[in-house]
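Each of the next two complexes has subunit A plus one more chain, namely subunit B in the first and subunit C in the second.
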Partner chain A sequence: MTTAKRLPALTVIVLGAVVMVLPLLIVLNNAVKSPGDYSAHGPLALPHKIYLSGIKSFWTRVDFGRMLLNSTVISGSVAVIGVALSLLNAYAIGIGRIKGRTWVLGFFVLANILPQESLVYPLYYVAKQLGLYDTRWSLIIVFSVIQAAFGTYLLSSVLGSFPREIIEAARIDGANSWQVLWRIVVPVSRPTLGVLMVFFFIWTWNEFLLPLVMLPSNDNQTVAVALGVLQGQRLMDATMTNAAGLLGSLPAIAFFLIFQRTLTRGIAVGAVK
Partner chain B sequence: MRARSHARGGGLALYLVPGALAFLAVIVLPFAMNVWYSFTDWQGVGSPHWTGLANYRRLWSDDQFWESFRHSLAMVLAMAVIPTALGLVVAAALFDFVARNFGSRIASLLRACFYLPQVLPITVAGIVWSWVLAPEGGALNALLKAVGLGSLRQDWLGDPKVALYSVMAVMVWVQLGFPVVIFMSGLQRIDPALHEAAELDGASWWQRFWHLTLPQLRPEIYVVMLWCTIAALKVFGAVYVLTKGGPADATDVPSYFSFATFFEKTQVGYGSAIATVMAVIILALALVGLRFQTRAEDAQ
Partner chain C sequence: MSTARRPLVLTAMALAASLLLASCGSSGGGQGDGKTLKLWHYEGADSAMGIAWNQAIAEFKKTHPGVKVEFEAKGFEQIQKTASMVLNSDDAPDVMEYNKGNATAGLLAKQGLLTDLTPEVTKYGWNKLLSPSVTTTSEYNAAGVMGSGKWYGVTNFGEYTMVYYNKDLFAANGVKVPTTPEEFTAALAAFKAKGITPLANAGAEYPAQQYLYQLALTKADRSWVNAFELYKGKVDFHDPAWTYAVDTFADWVKKGYIAKTSSGAKAEDAGVSFISGKYPIFFSGSWWYGRFKSENKFAWGSFLWPGSKLTLGSGGNLWVVPKKAKNKQLAYDFINITMKQDIQNALGNNGGIPVAASPSAITDPASKTLIENFNKISAADGLAFYPDWPVPGFYDVLVSATQKLITGSGSPDQVLDQLQKAYDAGVPTS
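Take a look at the complex of A and B:
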């Protein structure tokens, strides 16, 4: 391809990439702009002075620190418990090669695909009966199981190709099945377990429907729900809306930068397996 | 003795017990309860009153339900068809044009830009876009005015005639990164010699894209279409934050319809019937899709 043709083609694709990030750049621009500046010069002008009070007042008004803590506790617990559940299931299916494992696996896949709308009312009702309603535990339990459905599916196919000689050797040396799992399978499959934990953490962080239903009180809400509810009430002015958009994006962007390589590699593995 | 039981794969089945119990409690049982509710008339208090197929009969003749399903098809277009088509072009352009002529660093930087919306919580994407699309003081209308296209300004999310298209555009933005990343990783397993040979024979970029890249990415295209279609049928958060199904139900989708029936109208029986129909459609699609996928893999 000649240089004359290369540059226009590059321009088109760079423009496309810019359109993808542009909304977030405009939000950043307006989150640090005073309301007076905004109404005088509109959303596209650069701020005349960096103004951080909008972000500060949003932070204190919604107790954003608390939302971050709730999201972190819930997502972190789901990452650990969900991976542990997936590992136990996959150990039985992938290495134990139990009877009818294709059916069992199919069941887990369908459980993960099931729309949450068809579970939400019974979960809400039962959580109320058990006194788990409006507690972070209700979500930790439910999401650990839902995420483990995907984890079981992915991990079973990974463990299915686990080198059997290693396991046989350990068995001959007298290791019981728990020791094989803990001392051999876990250390060898650590990279996959890591990818799963990152996935579970981010997916749970971004969940909306079940947290919306299960966590009505402000004290327990996650970042995603608190922002969704605020938006639904239409009470925010432009500066506050942009502060909310910015603060809501920052953790996601941070995870993305930290885990970028793991994530993009993992997505490809998960989809084509 | 131990070796023999291991050879049969026995012994490890016990490790399935915690998982099986948890699935029974959190997924199987609630799903069964939901199906049962769908045959009853229930406001969420007192005991459900058995009404047989009444909810399903009502559903069949409920225009709002059919309307919400038509919007689901629009979501399939916006979240599966368009992102897959665009994603193929973007991935191929990044992989064998940008990476080859301008270096792989620029290609992965651009890929990250396309993927970014995928990592945002959907509510954050919703907040960002509902402000960008706001009629007064929104960035899009300000931009149109600034470039002299002021006559195109709209109440993007508030006008029943344009709201669905606006939501669709937002969903394309949200979803595009997923196919781009999957297709780019798929392209890595294609032998570059094929492309070089075709290029030597004088094939243009489009010809190579059409006759080489597309056929070789068939497994990825299949997986992406299946998963994105399922995601499109389930879309909830975006509609909740952007429009709450409005204006005048113009953007209502089955998931939002069932949510509102459950928790705003507290017609639990009817809401369960909507959710059950949704589940059946999605599971049927998934079963057929996965079936074809394993068959295609076996054939290879």
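Take a look at the complex of A and C:
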């Protein structure tokens, strides 16, 4: 009886999964197809022969190993710095309950909803003035701040409902603010911080516009920008674009799979509360 | 214990930061010492330009021992979106490929980001190699309008549109290859009678507007083109040429020569449907040539639009030298090498259209026809550029206009009004 009850829900989930996976399968299908095969039989036909030159030549053409390193350094640093910033901000707002915190939070939300396109020119000029243009630092700083704006907003509300008794008990035991943060708040909210870190990493990984603008030289570019190299003026190389798409999404998928337990734990903690 | 741990944490953080710093060190661009040539272009490595320019780089290294060539392959979008910012910084390359036109090279020239190449052009004699309608896109005036003024770029290659046709499908259906406008429409009708839609089209991108503009060009002359493209005269979209174009286009849709379903198709779809043998005719640019050559599994050929002295096309993309380039002399030397005979011949033999090749050196017979047709058009001053050039955003207006004609949601008259309005709003007043 229970299976009969679950059936509709299951069908919906399976359908949803198929819809989500289908584009990835199409990318995979065309990534291993020769251009002639693609032109003759279209994007949906299965490859007549497995053809890996597209993936290989894309890898060497853009020096993909280097792009991977760049993306990892940038996204990894942003994840760590962004979470650290969010935590410090949120500690002051959520637990320290500083004056005017609603306004401060409002400011962060505003910073969060500001479209990146409007930031491009100011960021470009500032980066140029500081000598950070065309360095990976420019992106690490910018994205740490952008992601921290969202992180502050989220963490503040989480820490706002932090059980005060624990903090008061620690205070009575003589802990100072730093110790309360480091020994009480951080361990308890570790799952949430883990989730934030994973999100920051993947969001930064997928960023396109700012890396495109801030990192003109190929040596510093990220994976997302490298994929854009294939965009011709009038022609597109469909199979190589698919090969690139496959290579570009694999690391993010791998990262997600590795950290999915952190994710589910973080969400489960929220559910229990 | 907690106090003992704090320095540890701090040290760890400091260490991490210094590691990051080390790994993010500067990219080490060369200073202006005449020892490095920083070169950017966005042609595929196996395209005609890619092959020829690679050869040019090898040649450059041979003639400039001790000079390092820092070549970076870029994406079209990447250069298009970031050029003005990169060129305004100290990371500007010494020589770069850039898209021709008022909205692109013209804009950079107007902003003072490009070096005036006029002295070099006369010194090296590049102007003697290029025909007038090819040089139009190299010269820009103070307002950034092409066609006159100073040289801000030099082109290496040309491009033009032609009718590609599937010889096998023509033979199988007993259709004669047309040489006059009447025969052309007769061929379209003959295919339709056999249940085949003759023209491959893409309404969501440039192919549809290229059909439309070509139809207008059959009734136009040079001064009409100059008025429309270079603002040398009044432009009335209700004139005979444009009226003929929209009426014929709408008529062809009604008769089924152009599929109604093509309104949402992309250029890639149209090209692929021609390659897979679904449509016998595809009118588009020489940029498809190399791909058709390697992927078409049937006999095919090309001819110029019957009965038209003008066709779409122009000089190719430009070599530009940024104002902030550090090694300009090396850049000039490199451009000069790409204009030399052997590099130009390499371009021609790989499916490109060189501007200064020696015809006898082109060994591939198909490429020979391609180049001869270009030379014919170019010598007769027949390159009429592209319809989306004159005003910013006109490309999207043309897409929407042709889509209306394809779906029948707008009458030819309404479409002309729409074009007129957008054109008048965007045309520079000075």
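Definition applied: the second predicted complex is superposed on the first by the 213 of 273 C-alpha atoms of A that agree within 3 Å, B and C clash if a C-alpha of one lies under 4 Å from a C-alpha of the other, contacts with A are read in each partner's own complex, and residues count from 1 in each chain.
What we mean here is this: a contact is a pair of C-beta atoms (placed from the backbone, for glycine too) under 8 Å apart; a residue touches a chain by one contact, two chains touch by 3 or more.
Note that the structure is a prediction, hence the values are computed from the model and not measured.
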**Message:** Looking at A:V225 after the superposition, I want to know if it touches subunit B, subunit C, both of them or none. Which is it: first, second, both, neither?
**Reply:** both
**Asked** So, does A:G42 touch the first partner subunit B, the second partner subunit C, both, or neither?
**Response** both
**Prompt:** Which partner does A:L15 contact after superposing on A: first (subunit B), second (subunit C), both, neither?
**Reply:** neither
**Request:** Figure out whether A:R61 sits in contact with subunit B (first) or subunit C (second), or with both, or with neither.
**Result:** second
**Message:** Tell me the contact category for A:I95 with respect to subunit B and subunit C: first, second, both or neither.
**Reply:** first
**Partner chain in contact with A:Q233 - subunit B first, subunit C second, else both or neither** = second
**Request:** Identify which of subunit B and subunit C touches the larger number of residues of subunit A.
**Result:** B
**Message:** Going by the contact rule set out at the top, does A:I141 touch subunit B (first), subunit C (second), both, or neither?
**Reply:** first
**Request:** Please work out whether A:P216 is in contact with subunit B alone, subunit C alone, both, or neither, and reply first, second, both or neither.
**Result:** second
**Request:** May I ask you to decide whether A:L7 touches subunit B, subunit C, both, or neither, giving the answer as first, second, both or neither?
**Result:** neither
**Request:** Could you list which residues of subunit A make contact with subunit B in one structure and with subunit C in the other?
**Result:** 38-39, 42, 212-213, 225, 228, 231-232, 238
**Asked** If you look only at subunit A, which of its residues touch subunit B in the complex?
**Response** 1, 6, 9-10, 13-14, 16-18, 20-21, 23-24, 26-27, 30, 38-39, 42-44, 85, 88-89, 91-93, 95-99, 104, 106, 108-111, 113-123, 125-126, 141-142, 144-146, 148-149, 152, 171-172, 177, 181, 202, 205-206, 208-209, 212-213, 223-225, 227-228, 231-232, 238, 241-242, 244-245, 248-249, 252-253, 255-256, 260, 263-265, 267-268, 271-272
**Fill in**
subunit C partner, complex, touching residues on subunit A are 35-36, 38-42, 61-62, 73, 77, 80, 124, 128, 133-137, 140, 179, 182-183, 212-213, 216-220, 225, 228-238
**Item:** subunit A partner contacts - residues on subunit B that touch it in the complex
**Value:** 2-3, 6, 9-16, 18-19, 22-23, 25-31, 33-34, 37, 44, 90, 93-94, 97-98, 101-102, 110-117, 119-124, 126-132, 137-139, 142-143, 146, 173, 176-178, 181-182, 185-186, 205, 219-220, 223-224, 227, 230, 233-234, 236-237, 240-241, 244, 254-255, 258-259, 262-263, 268, 271-272, 274-276, 278-279, 282-283, 286-287, 290
**Item:** Interfacial residue positions of subunit C with respect to subunit A in the complex
**Value:** 2, 16, 20-21, 23-24, 26-27, 29, 42, 44-45, 72-78, 81-82, 85-86, 88-89, 91, 99, 206, 267-268, 271-272, 275-276, 285, 287-288, 291, 294-295, 297, 317
